[in-house]
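Presented sequentially are two complexes of subunit A, the first with subunit B as partner and the second with subunit C.
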Partner chain A sequence: MSAHAAAKVDDRAPLPSKRARRVAAFYRLFARNRSAVTGGVIVALVVLITVLAPMIAPYSYNQQDFTQYLTPPSRAHLLGTDEQGRDILSRVIYGGRLSLPIGIIAVAIATVFGFLFGALAGYFGSWVDAVVMRWMDVMLAFPTILLALAVITILGPGVINVMIAVGISSIPFYTRVVRSSVLTVKHMEYVTAARAVGCSEVRIVARHVLPNSFAPVMVLATTGTAAAIITSAALSFVGLGAQPPIPEWGSMLNTGRDYLRHAPWMTTFPGLAIVVTVVAINLLGDGLRDALDPRLS
Partner chain B sequence: MASYIAQRLLGAILVLLGVSVFVFSILHLIPGDVASLLAARSFAGVSPEYTARIRHQLGLDNPLWVQYWDFLRKALLGDLGRSFYTNHPVAKSIFEQFPATLELTGAALAIGVGLGLFLGIFSAIHHNTLIDNLAMVFSLGGLSIPIFWSGLMLIYLFSVQLNWLPITAGHGWKTIILPATVLGYDAAAFVTRMVRTSVLEVLRQDFVRTARAKGLGQPLIVFRHVLKPAMIPTITLIGLLTGRLLGGAVVVETVFARQGVGRLALDAIQYKDYFLVQGIVLLAAVIYVLLNLVVDVSYTWLDPRIRFQ
Partner chain C sequence: MDWGQPEWDHRHALLERPISRRQMLKSAAALGAASVFGPVVSARAQGPGKPSGKVTAAMYVDITSLDPGATVYIPGILILKSLVETLVELDDKGNPRPRLATNWKASPDGKVWTFRLREGVRFHDGTPFDAEAVKFTFDRILDPATKSQTGASLIGPYKASEVVDPQTIKMTFSDPYAPIFANFSNPVLGIVSPSAVKKYGADFGEHPIGTGPYMFKEWVHGDHVTLTRYDKYVNTSTLVHHKGLPYLDTVVVRFILDHQTRLAALLAGEIDFMFNVPALDSVNLRHDPRARVVQTMFTGCPTVQHVNRQLPPTNDLAVAKAIQFAVNRDVIAKIGTQSVSPVAWGPLKSSNWGYNPQVKTLYRFDPEKAKQLLTEAGWVPGPNGIRVKNGQEAKLVSATKDDKLVISELEAMQGMLRAVGLDLEIKVMALAASEELARQGKNSLSRTNWWGTDPDILTTFYHSKSIGGWNFGYFKNDEVDRLLDTGRATLEPKKRLEIYNRVQMLIMEQAAVLPLYDWVAINAARTGLQGIRFDATKYYPEWYDVTWKS
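Presenting the complex of A and B:
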């Protein structure tokens, strides 16, 4: 084939699909949003630091030095030490290994059940929709943290139960978003086409409806992770989550509260870790929302 | 309008019935036998006879639907049982603590709404300017700074370092400043964002352009034409915020060692005082649902489209 003929074939190459164009537009919009990119970079750094904690942390989170208790930030202990002479920096770094997964797993629980209930309500409608959504209204009638407290009353305190409690109390928000998204998607032509070629209802929901309802849930899950980290830390702070000596940002603040007058660094730095992480996740979430639906920005 | 109110009222009653089912279920979802747990706490010990007597006293030997009906009937009459721990009536214990929580959440709501309205309107008027950006940073801070940390930091600054305000709760107006500010800032972050978005949307409407064409100044346009339509979504948010504030009170009351329903709830969970937990959760949900009902009904005043439907 001559070079001329090859060029002719290239000219006739198919245009990128609608999906590919949408993905490209999303990346372009997201990359243009400086605060969102900054948020994403910080989140990635925080995750990296917590994953590499044993290599990065200057001390073990439980290493005690009774000659160095309640010492202010110094060269040996950059963020100071606590009441048992443990290095605050190391505990903050290790603390992320619990605080981040608690938030992420809580959101994962809420997302999975939100998808399930939202898909059922939105796709099947009728009495299924009525039952699911009225039950979600009931769950929404409880302030989030009080619903979480009610769940902890049933399950008992502890890290895993805090994840479950925060996850359960967030389910209604995800269900609502998935339902409204499914309601829009289920009337699309490709869903009608899938039904026309004989796809089962389960296949239509799993293969066509849910993947196309994913974008708003992704935005909610991102900002929801920030909220879940705060709620979980709040529950640890009031003594219902992680228990000492396990380092977790909320429980570290709870311990530091008793030493606020003489060792404010015990509360300052775990709190700052929460703030930096949550601000970064919120910036990332805002950026995702703006890129996925520019009308909302 | 009457059918709109009736519809909302019916919806609220259904939700409250669902709430009562959930709260009733708490006692039955707890692993183990509540009667045995109570018997174990008493001096009489866990004899089968004594456990059976407690089970009978609490009505736990009745069919589930009878227990639920009994729970609902008593709750409607204000009888939420007796505290496992203190043996005081649950309703009495809650209402002793309720004024302190109401004072805190009321003050926080006033700060949150006042500050949020001011900043939201101001940033919308100065859209895409430094003022707008600063207001958004303020709002992002409120969404991202945990109230238990900002509370501790304010205590350190204003009570420990500057010695301007008391460290923990006591009597007098000074004791409410820090807790209400912490909780109010959290609320203000949401109100600022919502008011800004609503005002920006209304400012783009045709009637605002007409008002501007007639020569009205910006303050007059905002206060006479923009504020009322912009308040509709904001009022919804205020209804929803009460729930957040009630939840936040649990944490703020702990940080500032204040009396209140939130701290009572934590003590109840710690001592496995299940009736007290049930009572507090039920009360919070009822307040939340009723306030949102009031908000829904207030639309009839704010939004003429509903009034004339």
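Presenting the complex of A and C:
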């Protein structure tokens, strides 16, 4: 193995841990991928901007100024104003504070439950596996957006409910990934050994089996965040997400639609924000996958 | 005032009058001329366009039922206008004209009305129109099983009818009813076929049968309603521009709720007439060769937000009045209508004959005054800017339909109210759901518009008996109730005006409603569609004379 060969052999110094070698190799592979790094930088920038919103945004997201009804981009309002005279730039920045966390938390929900169900199905097999996976099959039969729509119709509109709805509709993907990772290791010798030594099943799963699926889940989570952002924007677009006057990129697209002919800046900039964020996350995710590839095979 | 015999009575009783020799000669000459120039003349008489064809109109609200007794929404009334007919109709000056009734007279005390009904009219199902049908229709509105909301209000103090003979009906009222003609001309009180109602029962709303120029063909829920020409139609109206059958053989009314989608459909030629063109788009439409703008200042109530005077915190008069001073109506009119609609200050539109201009003197846009009123009443700004009194925050809530222009208006109001320390939560949902919450009194602010020629429409919104119905503001004021009841029963117009003037001032002094603007209806028609005539409310178009330029 290249990692071994590359390490200097010194009888007195301790060998670098396997983990340390892995991490080093990962960084090397990742840094070589330009588009991945670009994606990563952009994502970091977006996160930074939205976190620093109160300091960066020129106006409050809710600051109405009725003398500035539907004005095009100008020095006072770099991205123009909407029908309430609110600054579009500020609303796009603050909107990121909603759109990004929605994506992240939705993925977090999906990941947690994905691990739970994937571990159950993969590790215990037989009827547990059958029940869980058939249930996942049912969910997978629906297009994700429809499933999210169904959930939010039951829960009602709102930001928290969007996170839950998108999270729930993504669970099957994570379950499948975790399950297949679990299946690859569950028959390995060290698992049998751990059991022989007296480790509890839970400890075996948590300590020895699941870590094997961290890498593929991480890749899925990254691109999944992008998908979650789009799905939540779609839900807000039809009025089921953030309620007025909260700025959310999807609902800004919806409001701007009626003014498309007269004030195209109302839809262009939130739309660009979604595109840039999603593309950046996807590039990042692709880079992660490529860098982790040796690990997966 | 003597409502008595309409001036048109004699022209319709032609057959009963003896004809003079001169008239006989004149008719003979005309007949002779007609037979020679017949074909040319008759083609012309059918109208400048083709005697067939279809018109597709699109509405911005969906319907719940086509049962006139139950219908509550505008598109339902629009469709019913062609399906059913009323006893009378109003002309442009507000005078009653015969429709299914040919003449009428009231008893000296005004409590008994006798109507003579038109002969030879049949329902779409072939059954004859007669006094029994009229009695059936009206008694049905009173029956709680019909669940009539609008009809029950318009029928006024109607108690019972007596069928004197098939062409004569005697109606008894508990009080004289001044707005009888304005209200009886509403399609909600259109005459329905008793045999059809008996046949369909609760499903009558899915199979409406009347005497109108168009028949019901199908209703694809959520999508459209199709009407076809009633080939045995007997012309009953004196206001139309031709006699005989309607020109077009099909009328389709589609429900396209999204403004932009509806507009796109009009420009693409998928629909021929659209209601409610967003003001911003109407500017471009005026220069578009494909369509023309058809604008009407209809009469009735302005677009308003009813303020719930029983739900905290708007049950506090100081809060209700603060809202009047806090909201900049010019901005709301700008956002909602591009300032095409003038700002409103009272519960009636300025175009209504009963309008009291004094309502303009009560309030103005003055946020400082609003803050002052709140502070004086003990509403102190809390840590987050929301005012608090006795531990209770000034939190208002408004459930609204998912209409972007309406939501934008509410967002603007939200900001204006926040500026004086009142918090407004906006909940977006389907129209029916939002109105249900309003009916239950759970909304602080509820939006309505209304159509009508008589100031008696105030009863529908501000009489305490309408609570649980259209009185979304849960407004209960004994003097207003008494005045509204008296106004209904007073026949002398000057006295009625005095009464309604007082009612408007009382409603505004109690800040029971936040009038926004006198909504000017901006509709659009495709170029080539002609003959569109609006009824006395100036909101509902009639399809009878409509044709295509050939």
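In the analysis below, the second predicted complex is superposed on the first by the 282 of 297 C-alpha atoms of A that agree within 3 Å, B and C clash if a C-alpha of one lies under 4 Å from a C-alpha of the other, contacts with A are read in each partner's own complex, and residues count from 1 in each chain.
In the analysis below, contacts are C-beta pairs under 8 Å (C-beta built on N, C-alpha and C of every residue); 3 or more make two chains touch, one makes a residue touch a chain.
Everything quoted here is computed from the prediction, not taken from an experiment.
Looking at the shared chain after the overlay, A:Q84 reaches subunit C, while subunit B stays out of its contact range. Contact with subunit B, but none with subunit C, is seen for A:A226 once the two complexes are overlaid on the shared chain. With both structures placed on the common chain, the touch criterion links A:A193 to neither subunit B nor subunit C.
In the superposition on chain A, A:V41 contacts neither subunit B nor subunit C.
In the superposition on chain A, A:Q243 contacts subunit C only, with no contact to subunit B. Of the two partner chains, subunit C is the only one that A:Y69 touches; subunit B does not reach it.
Applying the stated contact rule after C-alpha superposition, one finds that A:R261 touches each of subunit B and subunit C. Set side by side, subunit B and subunit C differ in how many residues of subunit A they touch, and the one touching more is B.
Residues 157, 239, 257, 260-261 of subunit A contact both subunit B in one complex and subunit C in the other.
Residue ranges of subunit C in contact with subunit A, taken from their complex: 259-260, 278, 280-281, 284, 328, 331, 334-335, 402, 404-405, 407-408, 410-412, 414-416, 425-429. Interface of subunit B with subunit A (complex): residues 11, 14-16, 18-19, 21-23, 26, 29-30, 140-141, 143-149, 152-153, 155-156, 160, 243-244, 246-248, 250-251, 254-255, 265-266, 269-270, 272, 274, 277, 280-281, 284-285, 288-289.
If you check the complex, the residues on subunit A that touch subunit B are 134-135, 137-139, 141-147, 149-150, 152-154, 157, 226, 230, 233-234, 237-240, 250, 253, 256-257, 260-261, 264, 267-268, 271, 274-275, 278-279, 282-283.
Of all residues in subunit A, only 62, 64, 66, 69, 83-84, 157, 239, 243-245, 254-255, 257-262 touch subunit C in the complex they form.
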